[in-house]
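The two complexes that follow have chain A in common; it is paired with chain B in the first and with chain C in the second.
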Partner chain A sequence: MTVYLRQVAAIVRKDLLLELRTGERLAAMGGLTVLIAILLHFAIDQGLVRMQQLAAGLLWMTILFGGMLGMGRTFEMEREGGAIQGLLTSPVPLDGIYLAKVVSNFVLVTAIEVVALAAYWLFFGFNYGNAPLLLAAVLGVATLGFVAVTTLFSAISAQTNMGQTLLPILIFPLLVPVVIFGVTATGRIFASRPVREVEGGLYLLAAFTVVALTAGTILFRYVVEE
Partner chain B sequence: MSLARIRWMAMVLGVLGVAGVVVLHWLVFFWVGTERTMGIVQRIFYVHVPSAWVTFLAFGITALCGAAYLWLRDERLDWAAQSAAEGGLVFGAIMLTSGPLWAAYAWGTPWTWEPRLTLTLLMWFVFVGYFLVRASAEDRQAGKRMAAVTGVLGALLIPLVHVSVLWFPSLHPQPVVLNVEEGPTLDADMLITLMIGLLAFTLIFFSVLFFRYGLEHLRHQRALETREQPRAA
Partner chain C sequence: MPAAAAAPRAGFPVLEAASLVRDYGPVRAVDHVSFRLGAGEFLSVFGPNGAGKTSLLRLLAGGLRPTSGEVRVSGVPLTIGDRAARARIGILSHLSFLYGRLTARENLLFYGGLHGLEDLGSRVPDRLADVGLERYAESPVDTLSRGTVQRLALARALLHDPEIVLLDEPYTGLDAYAGALLQELLSALRDGGRTVVMVTHNLGRGLELADRVAIQVRGKFVFEAKRADLDAVGLERSYRRAVEGKA
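Then we have the complex of A and B:
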């Protein structure tokens, strides 16, 4: 078990180190996040609707698109250099590789969530409610579910000649629960509603995340096997 | 199953299915009573419901055969999964066109975010994804596996999508147009027509499935033959 965890940690470390050194994906994702906020400022007539009412929905759409942009390249760098062969033939079990990729993607998407929250606060003065821990829990659980589905499908789209173009068609139909429960739970936290109104959504998000993560761990081997 | 046998079964099912559809249309146009509140458009029901049923059936077969293929690696399971998915895509398209046509009159709007509508539309997109993965895979064998994974994950997550969509409208007041659902229980003539519709569509679906399966069988045979042929001098 400890060996397994060490192997997973090694891949996570490698991915995050590469990301820190090149900053490729993080720059693209963070840039897109801020740009979406800027475009939304011009896209929505703030004389007609109050941005705060749309806060949760806008935040989640930004996270989904920004996150998808970066996660689509999860296996891209390794494929370009042929390093994927090395990774797959290494003694790390295939599910370990999947879990490591999920963890490193989770870190990336969490980073752009911080960027998005900051950007929306700066540009629109969003009020994020008075339960930061609950907000972190909802964002964390929903993000893990989002990342679990997207990491699996990015391994699939990387092996097609459509590449990242294919990704949204594969993931968005299945991510509807993340959007529904993520947006309603976050929206209620922003409105400072009592905890019990958020709980239900959080549990269902957790159920989605558990199913997605388990299925991803089992199915990943069939996607990458030679 | 031999190729001749598959073809024969496909033919028999097809003839029965087409006969069933002819009978169905006769019943729909000349025999079954007109529904009181919705009037004549309600007759779309007899095409819409059977195609929806077949779509769900096809999705189930695709997911089951896909999972079995990943486990057993029997090419025949992949043929069956692919054939069922194609049927599902076509019948899903029938369902998704006949539904809004009916709804435009019955509900006054072609689309509402009613849970079943949303679910079926999303499921149809999973099928589309299934074929895009297959068609664009750089390696054919990998394409089969990845399509199977798409189908299996779709089948696992679709129930959760359904739960979430069911939960969603409860946040908002239900639109009044939607209450069509609690309509009258079916009269005997309507029930008979519906049953014949379900039977006819199911037969046609299995006929298409067998034909399609036979085609894959033939392709496979052909590939083997060309491989075995001695190289021309």
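Then we have the complex of A and C:
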């Protein structure tokens, strides 16, 4: 493993270890996910509404709000003991710090997606279609694009007094492609439509994710450097 | 990707500040500071609050971009993205840079990972032993006393065997006993041939360790002397005059 990958792996390992030990973000994100499912279960008359048609929208709404709740605290743990200074004055390239944060956020949001899928299946008996690999690909690529944008902007919002209040205002407009293509592709998978009807959305999500990751990698240094 | 290692150049000072300036908007925090330090030299920088000492140290660490001037490590200019030069620098601050929920050992393993070190299995216990913290290896940092955390922070700063060590108010918050323990460790550091810059309010401790001293006021070095030319009374007199603007 190259030094660069070892450095990135060290940050990811530390982030996940801290999260496992404190559960701060996972508890908030998971709690919100389950709460939304429970509220909707009691709020919607399933005899009148065809819930399956709402499945993709509900799933993505939960992922976006739950994810946002946790991603806003990405750099909170680095404030403790001035650890952010230790990180920024270490030999790790700034793009390495950004990519490590993206990876650890990706793991957290993926965990929330699993919780959301399980909760909606439990409460509404959603049918997730017959293409689990394609669903995993769409969710994976869209989630990567989502965390690429959110991680960069959480670094910006961490440096302002408005903090997490500012984050949704900054990033919701940028997440429009993820929402549109993610919901559309997921909905088609849930409806067991042919793969070719999903491919276009998946490619657009992939293009967005590549652009978001590239921009984040380049711009992160301007966010954190003084 | 990491930059190629900056090759040290023989005959150059290990650490050099060349007319360093740093402005925060209209405020000049560091004002044309210059010095050169060879291997094993220890510079103590004193100054009142707001003199720009911490900004100077952050410039020397490559964590802050100078408005003008430059820092050179073994003759090679230290740029903001120069990760290789940073691997030659260790920083001990009044902030520990440690994570309270991780154990002492986990914190050192993490920082070892940031430096890309491979021999952490032996290096981490050695560093803990160097600062007398072997028995706290598995203790979470937030259960340790302030003095113990500061010793662990020193182990963190020295984990990668840096040639240059930067100390930012390392005695802050320490009681007399913990301060004395840290002083012993820093003495060993000086005797180990490392180049050290320490900024502190503590004239006595700073003078005891230093080969050279400087007093920084409103960003400028207004007084510089060799340790051999100065005693504690002389330093205190010079400090008072400098702060009162009579230097």
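Convention: the second predicted complex is superposed on the first by the 219 of 226 C-alpha atoms of A that agree within 3 Å, B and C clash if a C-alpha of one lies under 4 Å from a C-alpha of the other, contacts with A are read in each partner's own complex, and residues count from 1 in each chain.
Going forward, a residue touches a chain if its C-beta (ideal position, glycine included) is under 8 Å from a C-beta of that chain, and two chains touch if they have at least 3 such contacts.
Nothing here was measured: the structure is a model prediction, and the numbers come from that model.
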Partner chain(s) touched by A:Thr89 [first = chain B, second = chain C, both, neither]: second
First (chain B), second (chain C), both or neither touched by A:Glu225: both
First (chain B), second (chain C), both or neither touched by A:Leu99: neither
First, second, both or neither for A:Pro173, with chain B first and chain C second: first
Partner chain in contact with A:Met77 - chain B first, chain C second, else both or neither: second
Partner chain in contact with A:Ile112 - chain B first, chain C second, else both or neither: neither
Partner chain(s) touched by A:Arg6 [first = chain B, second = chain C, both, neither]: second
First (chain B), second (chain C), both or neither touched by A:Leu18: second
Set of chain A residues, in rising order, touched by both chain B and chain C: 225
Contact set on chain B toward chain A in their complex: 70, 118, 122-123, 125-126, 128-129, 132-133, 136-139, 142-143, 145-146, 148-150, 152-154, 156-158, 160-161, 163-165, 167-168, 171
Chain A - residues contacting chain B, complex: 149, 152-153, 156, 159-162, 166, 169-170, 172-174, 176-177, 180-181, 184, 204, 207-208, 211-212, 215-216, 219, 222-223, 225
Residue ranges of chain A in contact with chain C within the complex: 3-4, 6-7, 9-11, 13-14, 17-18, 21-22, 77, 80-83, 85-94, 221, 225-226
For the chain C and chain A complex, residues of the former touching the latter: 1-3, 58, 61-65, 80-81, 83-84, 86-87, 89, 91, 93, 95-102, 106, 109-116, 141, 156
